[in-house]
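Structure record follows, encoded as structure tokens.
Per-chain numbering from 1; labels A, B and C assigned in written order.
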Amino acid sequence: MKEIKAFIQPFMLSKVVRILQQIPDFPGMSISEVKGFGRGKAKGEPRRIIEDLVEYTPKVRIEIIAKEHMVDEIVALIQKNAHTGNKGDGKIFVSNVERAVRIRTGERDGDAIWSPLKDE
Amino acid sequence: MKEIKAFIQPFMLSKVVRILQQIPDFPGMSISEVKGFGRGKAKGEPRRIIEDLVEYTPKVRIEIIAKEHMVDEIVALIQKNAHTGNKGDGKIFVSNVERAVRIRTGERDGDAIWSPLKDE
Amino acid sequence: MKEIKAFIQPFMLSKVVRILQQIPDFPGMSISEVKGFGRGKAKGEPRRIIEDLVEYTPKVRIEIIAKEHMVDEIVALIQKNAHTGNKGDGKIFVSNVERAVRIRTGERDGDAIWSPLKDE
């Protein structure tokens, strides 16, 4: 299993969520708000905020744990649908996940992130 | 060292925290609020929220970095104590952590996540 | 590539951010607020909060994805600049990241987290 973690523009979130939810067997995702601190070189960014002498831009963090065969599709859909072409579009990272447990059923690993018979 | 990351129901958090803090040598944990987007098939969920045409449910993310010999116990306690038996109980993931540093002391790796003599 | 994840005192954040942004080629970072639950033994901590019978302290989570040759420098700077010498200074963790994609350009891996020619 892999964790796909993306940091995207907040105003692109609903588009990305709707697209991902159309993937058959999409395993679900978690969203949280973060502050992004870039390399401090972007000029004229509209939503840049200064707080305590440090500039940041709001971003949304998406976390998805998926089976390996779905990773390429999910990454490509995020990249395509979170894309504006402007600075600050964000990044996507993939890392390894060793174990998974579904709390409701105790299912493990691949079954924990997708088990159609038990979930319907 | 391993990272244990769990996404659970917010109303199960205080029970889970109290149980985990009773583990001898528990290394500590971090909590943050996230929005969970499932597979869009659950019906009649009480706390489901619609915002910007996308439905989500509130979840709490727990992050624990622990030594490997404690992982099974921590995962089992989260699974048992975050469990309601209903959809939306959440999931637990385990991944590898290569290095750790305790900021106060500069201790590294295993000592960074537990060092009784220096911490009391 | 590596993910550097640090949990630090909120009042040390602006110092840490300003120092990190001075690193040539710093890849950027994300910040979010978390609640830290330690081992429940610290006494007299000023900002400890009790909610729903559980005590916690506010922390800030920093996430940085960097090339390997920068990890030691970034970890050392966080440890030095987030350090007060008191309990609750927090911890820094390093884990592996397998893939990266820059959403704006589609660049991958090392180029996704730093590409000077295309970013200026």
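Before moving on, here are some points about what is shown:
By definition in this document, contacts are C-beta pairs under 8 Å (C-beta built on N, C-alpha and C of every residue); 3 or more make two chains touch, one makes a residue touch a chain.
These numbers were taken from a predicted model, which means no experiment stands behind them.
Homomeric contact chain A/chain B is classed as different-residue, with under half of its interface positions used by both copies. To fit its Cα atoms onto chain C, chain A must turn through 120 degrees, a value rounded to the nearest 5.
Averaged Cα coordinates give chain A a centre that lies 18 Å from the centre of chain B.
Taken residue by residue, chain B touches two or more other chains at 32, 95-96, whereas all remaining positions touch fewer. Taken together, the chain A residues at the contact with chain B in this complex read 1, 3, 13-14, 17-18, 20-21, 26-32, 63, 65, 95-104, 106, 112-113, 119-120.
If you check the complex, the residues on chain B that touch chain A are 2, 6-8, 32-41, 52-54, 56, 59, 61, 75, 78-79, 82-96.
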